[in-house]
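Across the two complexes that follow, chain A remains constant while its partner is chain B and subsequently chain C.
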Partner chain A sequence: MTVQTPNGFTLDTAGKRVVVDPVTRIEGHMRCEVNVNDQNVITNAVSTGTMWRGLEVILKGRDPRDAWAFVQRICGVCTGTHALTSVRAVEDALGITIPENANSIRNIMQLCLQVHDHLVHFYHLHALDWVNPVNALKADPNATSQLQQQVSPSHPKSSPGYFRDVQNRLKAFVESGQLGPFKNGYWTNPAYLLPPEADLMAVTHYLEALDFQKDIMKIRTVFGGKDPHPNWIVGGVPCAINIDGVGSVGAINMERLNLVSSIINDSITFVNNVYIPDIVAIGSLYKGWLYGGGLSSQAVLAYGDIPDKANDYTAANLMMPHGAIINGNLKEVHEVDLRDPEQIQEFVPHSWYAYADEKKGLHPWDGVTQPNYQLGPNLVGSRTNIQQIDEGGKYSWIKAPRWKGHAMEVGPLSRYIIGYAKGHTEITDQIKGLLGQLNAPVEALFSTLGRTAARALEAQWAAYKMRYFMDKMIANLKAGDSSTANTTNWRPETWPKEAKGVGFTEAPRGALAHWIKIKDMKIDNYQCVVPTTWNGSPRDNEGNIGAFEAALMNTRMERPEEPVEILRTLHSFDPCLACSTHVMSEDGQELTDVRVR
Partner chain B sequence: MGDKQHILVLGIGNLLWADEGWGVRVVEDMHRRYEFPDNVRLLDGGTQGLYLVQDICDADALLVFDAIDYGLEPGTLKLVEGAEVPRFMGAKKMSLHQTGFQEVIMSAELLGRCPRHMLLVGLQPVELEDFGGSLRDISKAKMPDAIAAGLAWLGRFGITARERAEPLAAAATIASAEMALDLYEQGRPSETEACRTADIRFVGKPPREP
Partner chain C sequence: MRETFYDVMRRQGISRRSFLKFCSLTAASLGLGPEFAPTIAHAMETKPRLPVLWLHGLECTCCSESFIRSAHPLVKDVVLSMLSLDYDDTIMASAGGAAEAIVTEIVEKYKGNYILAVEGNPPLNEDGMFCIIGGKPFVEQLRYAASNAKAIVSWGSCASWGCVQAARPNPTRATPVHQVITDKPIIKVPGCPPIAEVMTAVITYILTFEKFPELDRQGRPKMFYSQRIHDKCYRRPHFDAGQFVESWDDEGARKGYCLYKMGCKGPTTYNACSTVRWNGGISFPIQSGHGCIGCSEDGFWDKGGFYDRLTDIHQFGIEANADQVGKAAVGVVGAAVAAHAAVTALKRARDAGDKS
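This part shows the complex of A and B:
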């Protein structure tokens, strides 16, 4: 039976069903089921968040000024971005402004997270969907050296001996029977297309990136006081700066700022010399693999981020793009108002929650998080052991957020498409440059690889913007303004009896917002709509499928029992199920279970 | 063994899920009660997975506290040493990106800088299925034993911890001052306000009635 979704996809559940649970390298909290036809083409896709999300309820009754500390514990990677979103929400509710230096520091920390997260995502969580480390053992180190010098002439680590050394280390690893990070791969699958020398180059960069990412984090330690859980504060940043090196103990001095500066320079170099050339090299060898576009060509959303001047969150002041594109019309970018009760709404007819009226969506300020674990009548299996989910009923712990009724994709690709549509000069230049190198049309962006490439371009952009804000802050400090926090309205006695606010950021994986209601100095309601809520959304009451589901549609699989293609596309979103759903699980030996029915 | 070795004392886990936060609470308590020489670093690792690789690479010896499902009686402490450590921690996925601690150790090994000595002080948790909850009494009661085991092991490296005359104030924690144990426990919303259970397919029982 085929069904036409309002957002333009033809679903057919006739073919065999493939179940992937969990989807590896993104925690065991996501499950995916697809139907494939006799050509092994995906004709139906169902994405399930398998853990309950309950962050909102534990914040109830807490001090709003502490919310950031709780939200940064929900997630193992975007600690900082949740904390930033939280303090912005509280500042918005209470009308608190922050000093210019605090804005620069927050931007540097946020941009630092973008660079760091994008780099780690590509090399350590996604590269192995394209790169085969076992094949790298067959490479001739001389050929790899030549390839390295060709794709990135300014990268110094390129000698045959260097690659031979890495190959030997890798070989020892594989021979010891401990594939470690490289286990659970489908290394004989024909979907892997790279020649051995390219595989060896990429695996080598896997190690270089692993080594380099350690340094980037030091930026957050300088400003946040400690890592991996930096400190934040409502009203600014919790660090004093003293460029003269005298005065308050513990203040950040010029030596620390110079350390930050040098890491920023190294980040720019690494992205330019390693990350971008690898994307070009891999992109050119997988150029025919243009699956996975999903909603990206028709419905994308970004709230924007990185305010140039402090306290101005209008689109004109945000250096990361803001807006919404619907119906594939790139000529019109709509304004997005996070306060308008008619724009962003969450629906639950296919989510394991209860609303009084499930035909209607709720704006997050009026959001309700009431669990209701019910399964559809066509379920195969039992409540506690699901063989095949029934997407006609409730089937996910993720709610279905919609913008004016539209299912939207968020993330680096969405931001880059919106930036391109708006004529954002830097973004347009980057996109044109990359497409030129690959000799690819702009439509190539609307794909799994487009998502992966946009992330790399954004890492490059973010690295340069760290430099911009660092220079801006130093100039401001030298001009005599060393203020980093505003403590006006810090005391709850100064607050109104009731207040509400919204804070938003562009997290590495997409648009993130927290809505808060404060009553009698305590949190009365707290709702997070996170990037993976948008991307991992289940169907809504109109039958629109979500971004993950849409992106899987019409993909041809080489071997349905080895779901490399599904992993490629889902990983390209950098999904973060921990914060969109509950993190605790009794995961045992967490090997991916793939079933074909 | 020289006394200039770098020692990392790492607490792993999520403070928001009852005994899941045990490892972090132990290291927090250890820091409040004892003073260590400069070559010992105590760290709240949370659920950071791969991002901890730098700290692990920098260490000659690694002491980890964590809640581990050994399949033992709840509240049992078990010590695991050396190459056994990653094997016991491998099953547990720490971060959202499914990098288990095993993979973190392997990554350190691939970089050629894995700690030569490792001890895992693990607790068989009593309760993980309590969202927003704190440590169970049995788990709290095991903290002094766990700390003593850790200190004894550190003694092998010539490390002597000095007990503070008075424990440091709760706000001086190496973990989260906003989530210091008392604050965290006292500020919890009531069960009628906030559902505390998770997905029944993982916890094996239906959600409690809100």
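This part shows the complex of A and C:
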């Protein structure tokens, strides 16, 4: 049976059903089912979030100043971005401003996350979709060395001996018969296109990146005390700055600033010498594989982030792009208002939640969520043994958020498309530079590879912007301002009886916002709409499919029983399921009363 | 025939000399004397890499993220040379049925000779379907993977205690591993997340000495969890001297005074943060100006606000657990602070008297 979705996709469930559960190399748990026709082309795609934790009900009644620590635990991969979003939401509700230094430090921490998360995503979660480590055993180390020097002349680790050592280590590992994380990979699948030398170079960088990534986060450890899950406070940052006074050894001092500064430099170097050249090298060999565009060419959304000046969250002051593009019209970028009840709404007809009226969507400030685990009539299996899900019924722990009714894609590619459409100079230059190197048209952006490339460009941009905010903070310190916190409204007695606010960031995976209602000094309602809720969204009332589902459509698979292509496209979004599926609010019902068995 | 750790290292072109150096560094990182280096060398020369199944339940993946930040040993060396990480859905190449088949293979083939590492916990409400793996409740995968395991490592506060999803009112009935698996030795490595080098040291210790480290009565390794943050905190002298941060970014904050009055839970938290520190020894929460939130303690989410002082016993209220030791410690700390404050006040008065 063929169905036409309002957002332009033709779904056909006639062909063979392929199930991938668990989808691995993501944060959290998800399931994916597709139908393929006799040409092995995907004609229907179903994305299911398979976990739910209920954090917002846990937040009810707690101190709003503590909320950041709870919501930070939504995700330990994009660690900190939920915490930053939370303190911004509380500050918005209570009218608290933060000092310039706090803004710079928060930005450095958030940019640091972008660099780390994008790098780890590409090498350790995504690379094995493009790179075949077993094939790397066939490489000639001399030729690999030449390739390395050609794609990245500045990278010092390029000798034939270096690559021979890595190859020997890999060989011993493979021959031991204990393949560890590479076990049962799809290493004979013709979807892998790289020559052995490129595979060896990429596997080598997999290991180099694994060594280097731990250093990047030391920046956040300096300011936040630990990572994952550094510390934050409402009103600023907890780390005091004392450059030359009594006790400066116990605060952010010159040694700490030097440490941060040197890691920023190393990060810029690594991204420039390794990450970007690898994207160009791999991209040039896969540039014929232009599947996976999905919603990116028609509906993308970003809230913006990285305020240049403190406390100004308007688009003009945000260094990451803000706006929405719909109907594929790049000539018009719409303003997005997170407070407008008609703009962002969440729907649940295909999600495992109940609304009083499931025909309507709800704005997050008025959000209601009641778990309702029910399966459609065409389920194959049982409620605790799902063999084939029925997408005609409820089928995911993820809600369906919509912007003015549109299913939207979020993430680095969305940000870069919006930045490009708005004429953001740095972004436009980066995109043109990369497309020039690949000799590819702008349309190539709207693809799985485009998503992967935009993430790399953003990591590069973020690394340089860390330097910008470091310099800005030093200048501010030189001018005599070393303040890091505003404690005027720290004490709850100073708060109004009722308040509500919204905070937003651009998380590594896309637009993220938290909505809070405060009553009698406690959290009355807390709602998060997170990037993977947008991207991993199930169908809505109108039948619009979400970004994951759309991106999988019309992809040809080499071997349907080996889901390399499905993983490739899903991973290009960097799914974060713990983020997307915790969403929960209620109107005073204690869930435990309903659900305890 | 499986290779030993030493075979693998030699095949990688690592000399015997470098290998022995590695062993002494490992001994040092475990807090052992140089006399233990030969023991470690012997162990690594004779043992094949131990298979590990690393399962993920309800969690946020912060434990995995912490693990990959280990400075010594590097996680690259752990994964390539020390153990055989055959299943870990966060990093494994395969997916779906091909991934699930690995669990079956290891459980059947390595009976009693693999380690089960668990990150996160199983929810028991909704027939376990708040966390679904392969179309079935995660708790089923957990029970099956545990069935033939030699031992279980509960990574982090989720697996050890329940952590954030188990905070009041625990809507999914998220349940720590030891309450579901009751017939296997379990080592708890709590923290949200645990310190990277603590995680790799626990693994290295098990591989080297072929046994669990000594555990306390709650199942935590004594080598990292037997002393409180407060016991070894470098700001402790300021606590003893009655010098406290009173407000964010005040004079005391800039001078690195004690964060006790800002709600620091260091006095009741058993962990290695103030000694091992974080991310290769760079810092730890107190050093960066924020109090400890007690993230390695059972039920830390429900023990009052993070900025409430521990002396305020009422904060523990009805949510207090059965850990009377913790309560007693709180009482002692409260008394100690009062005493210190009194001593400090007396001293100040005397100093003032001297000056006049």
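FYI, the second predicted complex is superposed on the first by the 572 of 597 C-alpha atoms of A that agree within 3 Å, B and C clash if a C-alpha of one lies under 4 Å from a C-alpha of the other, contacts with A are read in each partner's own complex, and residues count from 1 in each chain.
Heads up, the rule we're going with is that a residue touches a chain if its C-beta (ideal position, glycine included) is under 8 Å from a C-beta of that chain, and two chains touch if they have at least 3 such contacts.
Nothing here was measured: the structure is a model prediction, and the numbers come from that model.
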item	value
Combined model on chain A where chain B meets chain C, clash or fit	clash
Chain B versus chain C as contact partner of A:Cys239, first or second or both or neither	second
Partner chain in contact with A:Ile58 - chain B first, chain C second, else both or neither	both
Which of chain B and chain C A:Arg169 touches, first, second, both or neither	both
Which superposed partner A:Ile74 touches (first chain B, second chain C, both, neither)	both
Partner chain(s) touched by A:Asp21 [first = chain B, second = chain C, both, neither]	second
Partner touching more residues of chain A, whether chain B or chain C	C
Partner chain(s) touched by A:Glu426 [first = chain B, second = chain C, both, neither]	neither
Which superposed partner A:Asp266 touches (first chain B, second chain C, both, neither)	neither
Partner chain(s) touched by A:Gln370 [first = chain B, second = chain C, both, neither]	first
Against chain B, colliding segment of chain C, chosen among 21-29, 237-245 or 345-353	21-29
Shared chain A contacts, counted only where both chain B and chain C touch the same residue	22, 24-28, 50-52, 54, 57-58, 62-63, 66, 69-70, 73-77, 79, 120, 124-125, 169, 173, 178, 180-181, 207, 210-211, 213-214, 217, 226, 228-229, 371, 373, 383-386, 397, 578, 584, 590
Contact footprint of chain A on chain B as seen in their complex	14-17, 20, 44-54, 57, 69, 91-100, 102-103, 106-107, 109-112, 128-129, 131-132, 174-179, 183, 187-189, 193-204, 206-207, 210
List of chain C residues in touch with chain A within their complex	2-3, 7-8, 11-13, 48-49, 51, 56, 58-66, 68-71, 74-76, 79-80, 84-86, 88-102, 123-138, 163-165, 167-174, 192-193, 195-196, 235, 247-249, 253-257, 273, 278-280, 282-290, 293, 295, 301, 305-307
Chain A residues within the chain C interface of the complex	19-29, 31, 50-55, 57-58, 62-63, 65-66, 69-70, 73-77, 79, 120, 124-125, 128, 165, 168-169, 171-173, 175-186, 207, 210-211, 213-215, 217-218, 221-233, 235-242, 245-251, 259, 371, 373, 381, 383-387, 397, 482-485, 487, 490, 562-563, 567, 578, 584, 590-592, 595-597
Residues on chain A engaged by chain B in the complex (per definition of touch)	22, 24-28, 50-52, 54, 57-58, 60-63, 66, 68-70, 73-77, 79, 120, 124-125, 169, 173, 178, 180-181, 207, 210-211, 213-214, 217, 226, 228-229, 369-371, 373, 383-386, 397, 576-579, 582-590
